[in-house]
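In this document, chain identifiers A, B, C and D correspond to the written order of the chains, with residue numbering beginning at 1 in each.
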Amino acid sequence: MNQFRQTCARISQHSLFINVIITLIIINAILIGIETYTSVDSKYYQWLILGDRLLLWIFTIEILIRLFGSKSLKDFAKDPWNMFDFIIVAAGHILVGSHYVTVLRVVRVLRVLRAVSIIPSLRKMVNALIKTIPSMGTILLLLGIFFYIYAVIGTMLFSTIAPEYFGQLHDSLLTLFQVITLESWASGVMGPILAEDPTSWWYFVTFIVIGAFVIINLFVGVIVNNVEEASREETPSPTDIKLAEVQQELAEIKQLLKSKY
Amino acid sequence: MNQFRQTCARISQHSLFINVIITLIIINAILIGIETYTSVDSKYYQWLILGDRLLLWIFTIEILIRLFGSKSLKDFAKDPWNMFDFIIVAAGHILVGSHYVTVLRVVRVLRVLRAVSIIPSLRKMVNALIKTIPSMGTILLLLGIFFYIYAVIGTMLFSTIAPEYFGQLHDSLLTLFQVITLESWASGVMGPILAEDPTSWWYFVTFIVIGAFVIINLFVGVIVNNVEEASREETPSPTDIKLAEVQQELAEIKQLLKSKY
Amino acid sequence: MNQFRQTCARISQHSLFINVIITLIIINAILIGIETYTSVDSKYYQWLILGDRLLLWIFTIEILIRLFGSKSLKDFAKDPWNMFDFIIVAAGHILVGSHYVTVLRVVRVLRVLRAVSIIPSLRKMVNALIKTIPSMGTILLLLGIFFYIYAVIGTMLFSTIAPEYFGQLHDSLLTLFQVITLESWASGVMGPILAEDPTSWWYFVTFIVIGAFVIINLFVGVIVNNVEEASREETPSPTDIKLAEVQQELAEIKQLLKSKY
Amino acid sequence: MNQFRQTCARISQHSLFINVIITLIIINAILIGIETYTSVDSKYYQWLILGDRLLLWIFTIEILIRLFGSKSLKDFAKDPWNMFDFIIVAAGHILVGSHYVTVLRVVRVLRVLRAVSIIPSLRKMVNALIKTIPSMGTILLLLGIFFYIYAVIGTMLFSTIAPEYFGQLHDSLLTLFQVITLESWASGVMGPILAEDPTSWWYFVTFIVIGAFVIINLFVGVIVNNVEEASREETPSPTDIKLAEVQQELAEIKQLLKSKY
């Protein structure tokens, strides 16, 4: 049994095994892309379904090899990427006979995301991206409060003037998201409202100025965080190398002084 | 009396007290959100009003506890966040019977901002954001002069061609704000003007180029400021630690030399 | 004569003199703003003209005081800000009787820019902004070549399909400026062209990707430049202070060693 | 023969030779620009064709001089800029009689790009820009996967609702490119879809939030990379100079100690 585990472990870490899986994920991605072309899909429907089923089973075997190759079930489950792979593949099996066709199709598309979990550099990159999220926590919370207050005020003031933009609280939130991306905020959203209520410009101008200011700082937070991260990972600077030489030299001088008496 | 003050101070700094207030602010925020849905509002109007009145009185008691718990009235008023909380709650009481319904409603929405004054990390963040404003003072003034000159020229040149955009000085200022956010500046604003006056492109192009250039520098100012702030707060760098070791070593050598004679 | 020069110099550097001039520039700016409101302008036309003439003569006297107060005419002309002030004021006198009404009005608006030349912090800021331009020279040249090539290709390919956007070379250049600001590039510019020539998307996508990439680097160049500038102006870092102490210590040790023999 | 090679090498590196070529490239650029004005083109067609032919032959001679002036054919071909120049000029000769008129015209426009290969500072800048591409490799790959997944899901969900935006996979990819540039994403693309499927906002909002977040990090990557590059090229910092003095001092002290015994 132990030997079987070791064989599985060796296989799962072999570069050939990983390359084959990457290739299959790419084939899977291409198949999914082809399916969206309805003319092709209706013609080769049978073959596309077959290819998909085949790939699902190969990925199932791959997960099983990695599962058997890990020290314990707990050890396997500890890595969130393993759990991600497992859920994606398991969902493919569970949903296959069901009526949730759209969900099944989305799950099949998400299988392309397995490329992230299998290619080490991508995995590292995504881990790094996710790690920067908590450092922005407070400012995201602030941005949330800011959005909520403006959405409530916007609904109160403009729900009758512009019901398509500020009709209800969730409409206002979506509109404010559009405004913060600066998309048609003046020509589309503010224009008709300004015609009814000529003083409403303060609402949009303050929202954009404050919002942009907060977001710039959010952005700066990410930059500062990443630059610090990068500098921490750096090899010792020339200054530090020279300083180490100075320390070495001093130790020698001390030795000289001590040895003589 | 003194003991009462100390009890109040102890209560106002207790984590349970703070958590209860935070919870109540969240409930307040949800109630305000629900009110914007007119169908719900008309049905449960009585209850919503009651909830609002109740929360206002609880917040009043909270402010009073914090007021009694502080060393003196002056000490309480010194912290701008305390004054902010006080004004928000007091305004709720003052406006309650009046006819300024919209103002009262806005004040009630602003009560959500109290989350910033009560959650320490948010308070710290907003303080930090506000602190970066003066460092941008000069460039904001420059931006203001730049906007004003372009607004006057724009009104002079285009007030008859495009009265909806450049009709009067304040229209021009709003239009220029729209142009600097790059929203429909070419298709919406410049298009009809260019049809009448084919040489007017220089006005928009120079405004965008100079404006973007100044704003990028404003933006860089914020970044540089924040990065410096961050590095100032940092713990001593490894270089500095090593340097301290060198100084220690030198002192020992000096001692050795001196002791011998 | 020499005493007169010294009196002028003393006056021109007096803070009261500078503050009066700043106040007059602000009044001038307000007058120019009021003039744009045609209803006000027609009513108080006489007074506005009078105020403008008065301010022009006061500014003339100010320039003369500063001119007499400087060591020589050459010394006065060496500072570009002095020349700027001189030209703005002189142009006001020269154009006053002429028929170039629009030019005269623009010159009068530009008088507001004198605030930059008289307020030291603004002058310093603008000097700093102008200094960063040469450091972007090469990349601006690159951007120019890039724009020119795309404009020629665009005119060649789309001049018959979309004459309003790509009719002639200068139209194309303006359109590409609009595209690089991302304003209506897809819905406005590319949409109708794509309907005629379905492969034309590569033109816009490559232009935006390459353009954005080059501009990001331009932007980075400005940032790096400013950060370096800022760090150069900084006071010595704690590391350098410690290092100076180490050098002091070493000198003392050397002295000790030498003195003994 | 060897002497001929040396003469060619000397000519090709002479500043006069380079300046003449730069001037001719500028003339070439102006000619190409003039050609786009159809009224001018039809009138002076003969002269423009003649000028173009003449310039092509001069550039051919220039390439030959540089080719003969290099140590070997291999040495010449090793520099990608030489190959670029060679292909551009050779393509001009090959296509001249053919029917691919548009291709020939584009090739002639690309001749303006030779300015990059001949002006050293531009060449250096472009080399530097190209060098930063690999450092963004992983995140570009991630962006690609992210685009592909959203394009497939978008085609699946909206191909019948909005065939002009999400009709087929390549349409979706182009639409998503438009959405990530924030151009008319709400008013143009999401608007009509939201009218049919009110829950579709999550598709656009998550795409923009995740996309912007990844792109900001891409952008930060470029900045960090360039800042590090810049600091690496810098002359030794004052800290390092001081440290070198300390090392010198220590060596002297050591010598002093050793010499005495």
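Keep this in mind: a contact is a pair of C-beta atoms (placed from the backbone, for glycine too) under 8 Å apart; a residue touches a chain by one contact, two chains touch by 3 or more.
Predicted, not measured: the structure shown is a model, and the values here were computed from it.
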item	value
Chain at maximum distance from chain D, centres defined as averaged CA atoms	B
Shared interface numbering between chain C and chain B [over half = same, under half = different]	different
Rotational angle, Cα trace of chain C fitted to chain D, multiple of 5°	90
Chain A-chain B separation of Cα centroids, rounded to whole Å	29
Where chain B and chain D are represented by their mean Cα positions, the distance between them in whole Å	41
Touching two or more other chains - residues of chain A	182-184, 223, 227, 239, 243, 246, 250, 253, 257
Touch-based graph of the chains, sorted into line, ring, star, complete or other	ring
Pairwise chain contacts, counting only pairs that touch as defined	A-B, A-D, B-C, C-D
For the chain D and chain A complex, residues of the former touching the latter	138-139, 141-142, 145, 148-149, 152-153, 155-157, 159, 168-169, 182-187, 201, 205, 208, 213-214, 216-217, 220-221, 223-224, 227-228, 236-237, 239-240, 243-244, 246-247, 250-251, 253-254, 257-258, 261
Chain C-touching residues of chain D, taken from the complex the two chains share	29, 32-33, 36-38, 102, 105-106, 109-110, 112-113, 115-116, 121-122, 125-126, 129, 132, 174, 177-178, 181-184, 188, 219, 222-223, 226-227, 230, 238-239, 242-243, 245-246, 249-250, 252-253, 256-257, 260
